[in-house]
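The structures come next, written out as structure tokens.
One chain, chain A, appears in both complexes that follow, with chain B as partner in the first and chain C in the second.
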Partner chain A sequence: MNFNIDFTGEFFAFFLLAVCAIVGAVLAINFEKVVHTTLSLAFTFVSLAGLYVLLEAEFVAFVQVLLYVGAVTILMIFGIMMTKHQGEGKEPGRPLLEALAAIGCLCLFGILFYAIRSAGFPAPAADLPEDNTLSIGKLLYSAYAIPFELVSVLLTVAFIGAVALAKREEEDS
Partner chain B sequence: MLGSYLTLAAVLFCIGLYGVLVKRNAIIVLLSIELMLNAVNLNLIAFSKYGVVPSLTGQVFSLFTMTVAAAEAAVGIAVLIALYRNRATVNVDEYDELRR
Partner chain C sequence: MQRYWDTPVTWGHAGLFLLGALAVLAVVILFVTYAIYFERKVLGWMQYRRGPNRTGPLGLLQTVADVAKLLIKEDTIPAKADRALFILAPALAFVPSFLVLAMIPYGLHLQFADLNVGFLYYIALSGVTTIAIVIAGWSSNNKYALLGGMRSAAQMISYEVPLVMSVVGVAMMAGSLNLRDIVLYQEGYFWHWNFLPQIVGFAVFVVAAVSELNRTPFDLPEAESELVAGYHVEYSGFRFAFFMLSEYIYVYAIACLATILFLGGWNPPFPQLDFIPGLIWFALKFAAVVFFLFWIRATLPRLRVDQLMGLAWKVLLPLAIANIFLTALGIEWFGKGG
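Let's turn to the complex of A and B:
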């Protein structure tokens, strides 16, 4: 099998960040305490932001840091604070279910890996524009203006819905 | 290089899928879903640089995905807190009212 890897600086940076991301994700699955899982996944999200910088997507990388590391992780920590996690880690294992899930995931990964390796990707025809953030801003306000506004409506609706859902029970009691 | 990024995304997606299927804590399930969405974003951005026609469309699309993922996380936590008030547990195995 030919992997076509040339050992450049970009490859080493990719390798380092990829190892960080996978280690964070695997540890997140293995940790027993929920807070440790959340912090470990935050580490994975930061590594992914580094990979985005490597892929010349600086704006998306900073949005990733702001949104995932800043907002989603903090939201999950608030969720952990609001709920009780006393008996965690003592639950009996379910070996059959875990084995079946592991086999299913490995099969899916095998299929994906085979598809990636057997698909011949042609070399890119052009380069991305230099000023990433400026170009994305122009695209968002010209070609993608309507989806952009729709997404803002979706966000407003979702957050009002979240507030209403989390608040309703208190008024009843 | 594209193949390496796609393989990494596949690994992360499978880890997230395993977490969703096996974990009982609802918060960990939500976080695993976020991990799967992140793997998809990595694919989109890798294709936006190394695809046949490199363009910013992939990055714009990943921005939309992140927005929807943030909305999903907020609503998910709200549903979780509302359920926790009713059942006093975050174990997804015990959310089985529809089965009784």
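Let's turn to the complex of A and C:
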């Protein structure tokens, strides 16, 4: 095992973002108030977007921020604010379960670490296109046009379904 | 951006970035100081008053005095507030508003980050400020603040949709989301600028942008007469100043975006006027947009809250979608664009 590290900008950015993502995720589990949990989840989303930028996938990165941070998080916060949040007490600890979970997590970490260290990362056959947003757009509307349209039909169905459900509840009350 | 990643980081690079960021911060703070002064003057003149004229020559130091007052004011945190979030919210509102400025091209070579998804970057980050406003309203533990935060979130999310849709037409014509490419596409006479071929898109953009800025006639989140002051009721001192600062930085960003996307950026109205530097043209158009924002604030009444959502979903969104279809047809028939 050798860790040959040169201190490039990419290195610093990666470690900063990785630590932020992990901190956000850990805090999301540990916080007791639901609003705090949601916010730390949003923090993780932003850090992941930063990792996408590092991988030169700017389009995916900003769509991630737009949808997950801008829309999903606000939806969750709305949901939390509309409901009651008293009586969020601490649950009694369960030592046996926690110990088993810790062992399981360590095993998973070991497997993942081994797999990543022993994996080879072959260089891609062709160079990445200069303007990858343009290439994504072109592929979406040519080679992947039918899956793209199917997804939009699915979204429309979900949208109409949500409206129908909300309407029915309104009539009931 | 890429070139800095593969080379080792030196203190020189870090210092260069720091200096650049500080320079932008200085420009923006100067802009905010005099935008507030200008706004109060314009409002004063339009209402047949004089506006601020006591502090300094012509009242030029009025905003400086106001900011100094805010900074030395007592900082209050309500006893029942969620302390951590109450403190976090102003910073969370300010940081994205400042980050947004990184991608604005003021000239062909005057830009920090040349992103190929420039406009998307703005929209994505301004969503983070919405979270901050909701959090500010919630953590204050105050009915008015919570109502203001809720209104603001609903409004900003609703108007984000037509705002993005209205720019799709511009992106289709230029064949790029990169702000620099969009400006380069608009070279030539002033009728080549996007606001004429994209007149519907421009109209939708202006309405949606004013609403995104929470300014009159869309200032429902902080409607003084209904909600006291909306989400920042409980804030005072420098935390309140941070909210105000980020609001005005968004004015700056939106005025820059309107200039770039629809008014030709740094291009002169006639190619013969090329000898005047592009930065001056940019500044002139930018100032005109800012004046327009103050002008409508002085003349239009506030919308009712039930009309607000209807306007976004039933008027602006269909118009923006129709604009996309028309642009597609235009590109198909006249072969313009990418």
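In this section, the second predicted complex is superposed on the first by the 151 of 173 C-alpha atoms of A that agree within 3 Å, B and C clash if a C-alpha of one lies under 4 Å from a C-alpha of the other, contacts with A are read in each partner's own complex, and residues count from 1 in each chain.
Methods note: a contact is a pair of C-beta atoms (placed from the backbone, for glycine too) under 8 Å apart; a residue touches a chain by one contact, two chains touch by 3 or more.
Just so we're clear, the structure is a prediction, and the values are computed from it rather than from any experiment.
A.B. asks: With both complexes overlaid on chain A, does A:59 touch chain B (first), chain C (second), both or neither?
C.D. replies: both
A.B. asks: Once chain A of both complexes is superposed, is A:70 in touch with chain B (first), chain C (second), both, or neither?
C.D. replies: Second partner only, chain C.
A.B. asks: Between chain B (first) and chain C (second), which does A:131 come into contact with in this model arrangement: first, second, both, or neither?
C.D. replies: In the superposition, A:131 contacts chain C only.
A.B. asks: After superposition on the shared chain, which partner residues are touched by A:10: those of chain B (first), chain C (second), both, or neither?
C.D. replies: A:10 sits against chain B and chain C alike.
A.B. asks: Looking at chain A, does chain B or chain C touch a larger number of its residues?
C.D. replies: B
A.B. asks: Mind working out whether A:149 is in touch with chain B, chain C, both or neither, as first, second, both or neither?
C.D. replies: A:149: touches no partner chain.
A.B. asks: Classify the contacts of A:83 with the two partner chains as first (chain B alone), second (chain C alone), both, or neither.
C.D. replies: A:83 sits against chain B, while chain C stays out of touch.
A.B. asks: One more residue to check, A:36. First (chain B), second (chain C), both or neither?
C.D. replies: Once the two structures are laid over each other on A, A:36 reaches chain C alone.
A.B. asks: Is A:139 touching anything from chain B or chain C once the two structures are fitted on A? First, second, both or neither.
C.D. replies: Only chain B is touched by A:139; chain C is not.
A.B. asks: Residue overlap on chain A between the chain B contact set and the chain C contact set?
C.D. replies: 10, 56, 59, 63, 71, 78, 132
A.B. asks: Tell me, which parts of chain A touch chain C in their complex?
C.D. replies: Listed in rising order, the residues are 6-10, 12-13, 33, 35-36, 39, 42, 46, 49, 54, 56, 58-59, 62-63, 65-66, 69-71, 73-74, 77-78, 81, 131-134.
A.B. asks: Enumerate the contact residues on chain C facing chain A in the complex.
C.D. replies: Residues of chain C touching chain A: 2, 4-9, 13, 82, 84-85, 115-117, 120-121, 123-125, 127-128, 130-131, 134-135, 138, 146, 150, 153, 157, 160, 175-178.
A.B. asks: Would you mind writing out the residues of chain A in touch with chain B in their complex?
C.D. replies: Residue list for chain A touching chain B: 3-5, 10-11, 14, 18, 21-22, 25-26, 28-29, 34, 37-38, 41, 44-45, 48, 51-52, 55-57, 59-60, 63-64, 67-68, 71-72, 75-76, 78-80, 82-85, 88, 91, 94, 97-98, 101-102, 104-106, 108-109, 112-113, 116-117, 121-122, 124-129, 132, 135-136, 139-140, 144, 147, 151, 154-155, 158-159, 161-163, 165-166, 168-169.
A.B. asks: Note which residues of chain B are touching chain A in the complex, please.
C.D. replies: Listed in rising order, the residues of chain B that touch chain A are 1-8, 10-19, 21-25, 27-28, 30-32, 34-35, 38, 41-42, 45-46, 48-57, 59-60, 62-64, 66-75, 77-82, 84-86, 88, 90-91.
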